[in-house]
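In structure tokens below, several structures.
Each of the next two complexes has chain A plus one more chain, namely chain B in the first and chain C in the second.
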Partner chain A sequence: MLELRQVSRRVSGQVHLSETSLQLQPGTLSVLLGRTLSGKTSLLRLMAGLEKPSSGQVLFNGKDVTGQPVQQRRVAMVYQQFINYPGWTVRQNIQSPLKVQRRPQLEIEQETQRVAQLLRLEPLLDRKPLELSGGQQQRVALARALAKKADLVLLDEPLANLDYKLREELRAELPKLFAGTGAIIVYATTEPMEALALSGMTATLSEGRITQFGPTLDLYRRPHDLITAKTFSDPPLNTIGVHDANWQGAPRGASTLAFRPHHLTPGMGSGSALAFNVSVISTEITGSESFIHVARGADRWVMLAHGIHVYPSGEQLQVHVEPAHLMAFDALGVSLDPSLRRAA
Partner chain B sequence: MKRLFQTIIPVLYIVFLLVPIYWLVNMSFKTNTEITTGLSLWPREPTLRNYTVIFTDSSWYSGYINSIIYVVLNTVISVAAALPAAYAFSRYRFFGDKHLFFWLLTNRMAPAAVFALPFFQLYSAFGLFDTHIAVALAHCLFNVPLAVWILEGFMSGVPREIDETAYVDGHSFPSFFVRIFMPLIASGIGVAAFFCFMFSWVEVLIARTLTATDAKPIVAIMTRTQSASGMDWGVLAAAGVLTLIPGAIVIWFVRNYIAKGFALGRV
Partner chain C sequence: MKPVNQKAWFLVLPVLLLVAISAVIPLMTVVNYSVQDTFGNNQFFWAGTSWYEKVLHSERFWNALLRDLMFSAIILAIEIPLGVIVALAMPRKGWGVAVCLVLMALPLLIPWNVVGTIWQVFSREDIGLLGGALKGMGVDYNAVQDPVDAWVTLIVMDVWHWTSLVTLLAYAGLVSIPDAYYQAARIDGASGWSVFRFIQLPKMARVLTIAVLLRFMDSFMIFAEPFVVTGGGPGNTTTFMSIDLENLRASNELGQGAAMSLIYFLIILLFSWIFYAVMTREDAPRPDKAPDKTGGAP
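Take a look at the complex of A and B:
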């Protein structure tokens, strides 16, 4: 088990990570979800031991490893850029961590074959990484991580530089690759959809702070606070001040109401639905979905609709959201979801 | 018309550049009488006497040996010292790093003559006068900063993540540096070594000031060839030709990287 005990990281006065505690269990996959500069990479580097926390402790299986050099830890890391040793062949790249550990030659060969087969790199073993496509290069990096049999595998936006199709493919493969290794997998990403696709656990980060950590679907359905809800929403979450909404059913103390773009629908809806008059700003069509950007007073919202819908900009539209889809937050941004209240 | 500019003008320019070199080679195969008595575009009575003199007279060929010894020494010392320095500048942030980096370059802005006197005094005091190591160390003043600049550029072109990946894999720093990192910047090391070699090879003033007989470089011998019978033009020309050769050989090896080296690796 990897445990971070109130670790923080400051670099020349700037806070990269405020005090953070986290426990990750073996055999689990955890997603670190947050925008760029939210502290994902800082957190990964602290876990790896590439950087020392300014305060706090890192424990591995109960043992304090805070000051332990990265060479002595059983970690593997894969970066967003495809990082391999350019001068070495794919085979040498995969064998690098095994050779350092002075494993028997036979075992090294068998292990190379095994991971090369898993990642479909067998025909490429004698090529240099730079002769391969981006997807293949990243497979080499993953193969090296897999061959090392690390207890902690850190993936820093590993699919961000790949094109869409490869990304989907490799994302589906990833959890299977490491399944059964018993390793703690940590996967950093900026994309909420990736977190949902990988399932497992998710920690949302914002401004160097973990806002919430738990099973991915729990975070998505019942975010503890507004920042988490916003981080875990793509396209952006729609918000409205409770006074503007004029909703009788708003919980006491509510200050902001929020709802996801696909819960905003054209038309009047049922009797209890909240209806708004909005004007269309623009429409983006991705093929199977349309994003309709609308304005209501000073608020800018996004409406997500299936299929192709084109609204001329400037058109007045009546839209509604069902009360069941509204999330209420108090003035501090804390969720007023009654189910959470009970838990707390 | 366009063709004229594309071919004739470069050809003219190259011929213009090659004339002095041709003249040197031409002279080296002539006898002294032919050189002094008139103008001839090629040797009328070609002779190898001039080269024979150089290869048989130890006061001549020892100059080449001395030069090669201190130039190689200097190149090895400069690159060996510059590698860790350049790595530090490329990978770490420390107090005053940018100023220090620039200050290194300012060492190249002073004329060699400025340093001739202090070097002479210093090396004499340490009993290093007229030794190869004296010249090799003195040339480091110019070559280490240059090598640091060149190598830093090449090193910064290697992503830092490669270093980290090596550490994560379990490589120690020395193992990473020698087995993974140095091969990646091999062309940079080659270019840095080339520049050190060239500067040390062509530098006259400090080399002459710091030597008397035992370590006297060829460039110094060439400037003092008044003998009792007057100037020996032919031998001097042959010496000149032989002095060009090491540079030409080194350039041949690094010709593909040289432009990158002039950009100090910042391409």
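Take a look at the complex of A and C:
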């Protein structure tokens, strides 16, 4: 088990990570979700031991490893850039961590074969990384991490530089690759959809702070606060002040109401639905979905609709949200979800 | 059929003119001289390949060629490693970067004839700082009279003048390596030497190819430094091909000079081509580069 005990990191007066505690279990995959500069990479580097925390402790299986240099820990890392030894063949790259560990030759051969097969690199073993496509280069980097049999595998936006199709493909493979290795997998990403697709656990980060950590779906369905809800939403979460909404059912103390773009629908809806008059700003069409950007007073919302819908900009539209899909937050941004209140 | 518009030819005319004036006409003039004999008064006599035969059979040509090759080999052997070492020692962040870059660029900004004059004065034992200091220390140094001293002076001059170029190219290669490479190397527990050997050097290969090519061509064509400092002497120990050409021109041996400069030109062209072909062979993209999908979904 990897445990971060109140670790923080400041660099020349700037807070990269405020005091954070986190426990990660072996054999689990945890996603760090947050925007660029939210502290994901700082956290990964602290976990790896590439950097020392300004305060707090890092424990591995109960043992304090805070000051231990990275090469003495069993850590593997895969980056957004495709990092392989440029002068070595794919085979030599995969074998490099095993050779450093001085494993017997036979084991090295077998392990190379196994990992290459798993990542479908067998036909490419004698090529050099620069002769491969981006997707293949990242497979080699993953193969190196896998061959290393590390206790802690850190993946820092590993799919961000790949094109859409390859990203989907490799993302589907990733959890299977490391399943059964017993390693702690940490996956940093800026994309909420990736967190959902990978499932497992998720920690949302904002401004150097973990806002919430738990099973991914829990975080998505019942965020503890507005920041978590906003971080875990793509397209952006729609919000409205409770006074503007004019909703009788609002819980006491509510200040902000929020709802996801796909819960905003054209038309009047049922009797209890909240209806608004909005004007269309623009429409983006991806093919299977349409994003309709609308304005209501000073609020800017996104409406996500399946299929192709084209609304001329400036058109007045009646839209609605069902009360069941509304999330209420108090003035401090804390969720007023009754199920959470009971839990607390 | 649609009539073909020929007006586009006018658009390439300026380039054709430029190439003609700057390259084709001078080259053809030299070719013209190399196959004829002249005694002035615009009287020319057909000489065939006799000038070429004379050049290729003269010992002085082969000696000069050998000196050129030796000089280039020494220059490359010193400047490439030294340039890389200096680049590795330069800071990658902070205010030191700008200071180092400007310092490195300074020698490159000095015109060749000024460099020659600086070193000629610098190495004189009566008024020069270097010559005077060496004499004061009891070192018997004279670039004009001692062949070894003359060579050492020329090599030191070139190293001083041009190592910066290698440094700047190598530095550009170094700073383009993403930080993640160094992190990954730390995670693997790689030593400083391994980082250099397996990450920095392969990543610098491309710019170093250019550095070798540029330094080879330039040092092979060396002229200004020996012309100003040693005048090709003592004896003819620093008479490189370019100096020899100048001597031929000075003694009005136009036919032989033209033939020699064409041979010189072809040698440089050949070497550059060989260098380029050998050094770019490694990282040329393979025609059988595999497609992105490595066998479809699992």
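Following the convention adopted for this analysis, the second predicted complex is superposed on the first by the 344 of 344 C-alpha atoms of A that agree within 3 Å, B and C clash if a C-alpha of one lies under 4 Å from a C-alpha of the other, contacts with A are read in each partner's own complex, and residues count from 1 in each chain.
By definition in this document, contacts are C-beta pairs under 8 Å (C-beta built on N, C-alpha and C of every residue); 3 or more make two chains touch, one makes a residue touch a chain.
None of the values given here were measured: they were computed from a predicted structure.
Because the two structures share chain A, they can be overlaid on it, and in that overlay chain B clashes with chain C.
Once chain A of one complex is fitted onto chain A of the other, the partner contacts of A:E315 are absent, as it touches neither chain B nor chain C.
In the superposition on chain A, A:V100 contacts both chain B and chain C.
In the superposition on chain A, A:D64 makes contact with neither chain B nor chain C. Judged by the touch definition given at the top, the superposed model places A:Q81 against both chain B and chain C.
Once the two complexes are overlaid on the shared chain, A:E109 sits clear of chain B and of chain C alike. In the superposition on chain A, contact is made by A:A48 with both chain B and chain C. With both complexes superposed, C is the one of chain B and chain C in contact with more chain A residues.
Contact with chain C, but none with chain B, is seen for A:L132 once the two complexes are overlaid on the shared chain.
Taken together, the two structures place residues 48, 50, 70-71, 75-77, 79, 81, 83, 85-88, 96-97, 100 of chain A in contact with chain B in one case and with chain C in the other. On chain A, the positions that touch chain B within their shared complex are 48, 50, 69-71, 75-77, 79, 81, 83-88, 96-97, 100-101, 141, 144, 148. Contact residues on chain A toward chain C in their complex (touch as defined above): 45, 48, 50, 70-71, 75-77, 79-81, 83, 85-88, 96-97, 100, 120-121, 123-124, 127, 130-136, 139, 166, 169, 173, 176. Touching chain A in their complex are the following residues of chain B: 159, 161-162, 164-172, 175, 180, 183-184.
Residue ranges of chain C in contact with chain A, taken from their complex: 178, 180-181, 183-184, 186-189, 198-199, 201-203, 283, 285-286, 289-292, 294-295, 297-298.
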